[in-house]
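Two complexes come next, and they have one chain in common, chain A, joined by chain B in the first and chain C in the second.
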Partner chain A sequence: MTTLIVALAVGAILFGVGLYGALSQTNLVMIMMGVEVILGGALVNLVAFWRFLHPEAYSGQMFVLIVMTVMALDMAVGFGVATGRFRARGSIEMEEARDLKG
Partner chain B sequence: MIVAALIILGPLAAAVLILALRRLAPALALLGAGVSLIAALFTLSRVANGAAYSATLPGLPGLPLRLVAEPLTAVFAALVAVVGFFVMVYAVGYMRGEGGLVRFFAGMSFFVAAMQALVLAGDWVLLLAAWELIGFSSYLLIGFWFERPGIAPAASRAFLYTRSADLGLYAAIFVLISQTGTSEISRTLQAGGAAAVAAGLFLLLAAMGKSAQTPLHGWLLDAMAGPTPVSALLHSATLVAAGAILLIRAFPLLPPAVLVVVGVVGGLTTLVTGLTALAQRDLKRLLAASTASQYGLMLLAIGAGVPVAALFHLLAHAAMKSSLFLGAGVFQHASGDSTELADLEGMGRARRLTFLGFVIAGLALAGVPPLSGFWSKDAVLAATFVSPNAWLLAPLALAGTLLTGLYVGRALRLLWRGEGESEPVAGERWMGAGLAVLVVLAATLGLAMPPVAGLLGAELSEETLLVAAVGLVAALIGLALGWALPTGRLLGPVYGLAGRGFRVGGGFDGLVARPALGFARALDVFDRGIHAGVLAVGGFGLALARVADTMSDGIHAGVLAVGSASLAVARASRVIDDRGIDGLIDALVRGTRDLGARARELQSGLVHRELLLAAAGVALVFALLIAGSVGS
Partner chain C sequence: MLQTVFTGLFGLAAIWFAVVVFRTSSMVRSALALLFSQAAIGAMFLAMQTEFLGVLQLTMMATEMAIMAIFMVMYMMDPGGLGGMDMTHQKRASQVSGALGGLAALAVAFFVGWGPIAAEVRPGEQVRGLGLEIMERSMLIFETAGVTILTAMIAATAIAIKRRGKE
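After this line comes the complex of A and B, so read on.
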C-alpha cells in the first residue's frame, strides 16, 4: 500500500506544479504546458489506482489511453489557436487578449 | 292586309332607319316611299276588284285601333303615295348640297307614314293620333331652316293654329263616341240628331284649321318658309288635304244644316284667299293662298252635297299644286334661292321646259280643257248649281273659278315678262323627273274620274253644257284679265288688305294667338302659385331644420361632457399605470440590469484569472466533499 501512497503523492505534486504553472504564466504556450502537467498528474493517479486496486480490469488502461488522446487533441487545438493569434497580432500574451471576449 | 300595312310601314321604317343609320338618307327615303307606292297601288287594284281589308290592332281598352282599306281610303292612300313618292324624287335633287339631310328625309318619311295612317284609319282614335302626328311632323319640316330669321315663328304659328283647331276634332270624337259607344268611323257616322249637328260643326272646325279655311288661313302663307318639297307635300296630299279628307269621309254624318255652313265657309274662303293670292308678291305665298282657295271650292262641293266632286278636285288639285310648287322650287334655285316675284321676272323665258310644266299645271288649275282641273272644277260647279242652296253656293263657286283664272294669269305673266337670268341648278335631273310625272298626272287625271266614280259607287251631278260653258268662260275671262291687267288696278282699294291676307282688326291672330297666350299666362300664374307653395313648404322645412339643429347642439354638449369625464378617468388610470405597474416593471428591469453588470465583471476575458476562478471553484467543491465525508 505504501507504493500506492507514493504514486498518489507524485500525482499530487505534479498537479500542484501544473496548476501553479498554468496560473502564474501569461504566455499561451506556457499555460498549455501547465495544463499538460496537470493532466500528467491525473494520469499518474489513474494508472496507480488501476495497478494497485483492480489490476484484472482493462477499463483503467482504456481510460488512460483516452485521456492521452484528449491531451493530444487539446494541444493541437491550443497550438492552432496560438499560431492564428500570432499571425494576426504578432503576440501570444494573454494579458493582451482581452479582445477575444465576446 | 299585310300589303295594306306596308303602305304605312314602308315610310315609317325608312324614317326609323334614316335616324338609326344617319347615312344614305335620300336612298332610304325613296325606298320607303317606293314600297308605300307599290303597296298602295296594289291595294287599290285589289280593292277595285271587290276586295276589302280591315285589321284590328290592340289599342285603348274597349277602343281598338282599326285599319280599313275600302274604296275611299284606298284611293286616298294611292294619292298620298303617288304624290309622296314623286315629291321625294324631286326632293333628292332639291336638297342637294343642303345640310341636315338626315333630319329632312326622316321628317318627310315620317310625315308620309303619318298621313297614310290617317287616311287608312278605321277608327277615330287612330285617326286622331295620326292627325296630331302630321301636325307635329309638318311643324318640324316647316321649321327645317330654323336658324334663319322668321322661320321658327312661322312654324310655331302653323302649329298653334292647327293645334287650336284640333280641339274641334277632340270635341267631335268625344261627342261621337259618347253617343254611339264605339270608335269605329263607319258605325259612328250613323249617329243622328243633335249629336250629328254638334259633331259635324266640331269636325268642320278641325277641318278649317288643317285646310286653312277663313278665318284660320293665316298660317298657311307663313308656312311657305319651309323647303319647297315640304310645301308641295303639305299642300297637295297631306296636311292641308287632311281637313278635306276628314269632311269627305265624315260626309254621311253631316246633316243639311251643317252642310250649309260648310258650303258658306268654303265659299268665303275661296273668295278671301283668292283675293289674297292676287296681291301676293311672293310666288310661293301666292300658291299657298291659292291652295286655301281651292280647298274652299272642295268645301263648297261638300256643302252642295256631292262629296265625290270634292274628292275629284282633291285628286286633281294634288297633282296640279304639287307640280306648281315643284316648278316654283326650280325657279327658286335658278334665281339664287328667292321666291319673290320681282326676282323671278322673266324666269319662264330662261327655263322654258320647267315653265312649260308650270303652264300646263297652271292652266289645269284655272280649269282649261282638256286638263284635269277642267273636269274636277266642272264637277264642283255642277254640284253647286243643282244643290238646294244653289242661289248661295253657285255664285261663290263661279267667283272662285274667276279668281283662280286671275291669279294664275298674273303668275304666268310675271314669270314670262321681263328678262330673267338663270343660274345652273344642282340636281336638276331628279327635280325634273319628279316634276314631269306630276305634270303628266295633272294633265291627264281627268281620264281617271269615271272609273274612280264607278269604284266609289257615287253619282256625279249631271253635267250640263251650260254649266261647263259658264265655268270655262269664267276661267278664260280670269286668265285674260290676269294676264293683261296689273293687280293694283284690278283690286283697287282692297289691294293692301288682300296683301296682308285680310288680317282685319289686328289680324285673325286675335282668334288664336291671344287666347292661347292668355291661357299660357293663366298657367304661368298657376305655376307661380305652385312655386310660392313650394317655397312656403321649403321655409317650413327650413324652420324645422333650425329647431332640429338646436336640439342637436344640446345633444352635442351632453356627449361632449360624457366624453370629457371619461377622458379624465382615462387620464387617472394612465397615471396609475405609469406610476405603479410601469414603475414596478422598470425596477425589475433595473435590478436585472445591475445584476448583469456585476456578473459581467467576472467575465474579464483574462485566461489565467478565469482559470484561477475555476481552480478556486474546484477547491471549494473539494473542501465541501472532504468536510462532508469527515462529518459523516
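After this line comes the complex of A and C, so read on.
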C-alpha cells in the first residue's frame, strides 16, 4: 500500500508543478513543457494503478501507451504551431498572440 | 520496502527536476531538467516492476527532449538566460492554481480506500500480456493511435511549411 501511496503522491505533486508551469509561462515551448510534466504525473498514476491494483488487466498498460502517444502528438503539433507562428510573427510569445481572439 | 524506497527516491528526483524546469532562466538547462524528470519517471516505472513501459519511457523521452532543446534554442529570444528576461505572467494565480490542483490530487491519493494490493507480475508475463492486449482486444485503439500520429505529422508539417508568395 505504501508504494502505491508514494507513487500517487509523486503523480499529484507533478500535476501541481506542471499546472503552475503551464499557466505561468509566456512562451509556447515552455507551456508545452508544463503540459508534459502534467502528463508525466498522469503516467505515474496510471502505472501505479495498473501494478498495484489490477496487474491482470493489461488495458492499464495500453492506457499508458495512449498517453505516451498523446505526449508525442502534443510535441509534434505544438512545434508545428510554434514554427508557423515564428514564421508569421518572429516570436512565439503567447502575450503577443492576443490577436488570435475572435 | 526496497521498492518503496526506490520509487520514492526516483519520485523526488522527478519532482525536483520538474521544479527546476520552471526555475532556471537557461532554456537548454530547462530542457535538460525536463529530460531528467521524465527519465526519473521511467526509473520509477522500473522500480514498480513495469519494465517494458519503463524502458519505453526512457528511450522516448530522451529523443523527445533532445528535439525540444533544439527548438528552444531556435525560437527563444534569450536561450542562454543571460539577459535575465522574465518569461512568466499571472504568477500569483498560477501558484494558487498549481498548489490547489496538487493538494486536491494529494487528498485523493491519501484519503481514498484503494483496496487490496495485487501480487507481483513477472516481466515475461507482462510483455506477453501486453502483446496479446495490443494484438487482440485493443487492436483498434492501437491502430487508431497510429493513424492519429500520421495525421498529426502531416498536420504539423502543413502548419509549419512556408507558404507560397509569403516571403
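The rule is short, and it goes like this: the second predicted complex is superposed on the first by the 102 of 102 C-alpha atoms of A that agree within 3 Å, B and C clash if a C-alpha of one lies under 4 Å from a C-alpha of the other, contacts with A are read in each partner's own complex, and residues count from 1 in each chain.
What we mean here is this: a contact is a pair of C-beta atoms (placed from the backbone, for glycine too) under 8 Å apart; a residue touches a chain by one contact, two chains touch by 3 or more.
All values derive from a computational prediction rather than experimental measurement.
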item: Chain C versus chain B on the shared chain A, clash or fit after superposition; value: fit
item: Contacts of A:19 with chain B and chain C, given as first, second, both or neither; value: both
item: Touching partner for A:11 - first (chain B), second (chain C), both, neither; value: second
item: Contacts of A:31 with chain B and chain C, given as first, second, both or neither; value: first
item: First, second, both or neither for A:62, with chain B first and chain C second; value: second
item: Which superposed partner A:97 touches (first chain B, second chain C, both, neither); value: first
item: Dominant toucher of chain A (residue count), chain B or chain C; value: C
item: Chain B versus chain C - smallest C-alpha distance in the overlay, whole Å; value: 6
item: Residues of chain A contacting chain B in one complex and chain C in the other; value: 19, 23-26, 95
item: Chain A partner contacts - residues on chain B that touch it in the complex; value: 603-608, 611-612, 615
item: Residues of chain C that touch chain A when the two form their complex; value: 3-4, 7-8, 11-12, 14-15, 18-19, 21-22, 27, 30-31, 34, 37-38, 41, 44-45, 48-50, 52-53, 56-57, 60, 64, 67-68, 71-72, 75-77, 87-91, 93-95, 97-99, 101-103, 105-106, 108-110, 114-115, 117-121, 126, 129-130, 132-134, 137-138, 141-142, 145, 148-149, 152-153, 155-160, 162
item: Touch list for chain A against partner chain B, complex; value: 19, 22-26, 28, 31, 94-95, 97-101
item: Interface residues, chain A side, partner chain C - complex; value: 1-21, 23-27, 29-30, 32-34, 36-37, 40-41, 43-44, 47-48, 50-56, 58-59, 61-62, 64-66, 68-69, 71-73, 75-77, 79-84, 86-87, 91-93, 95
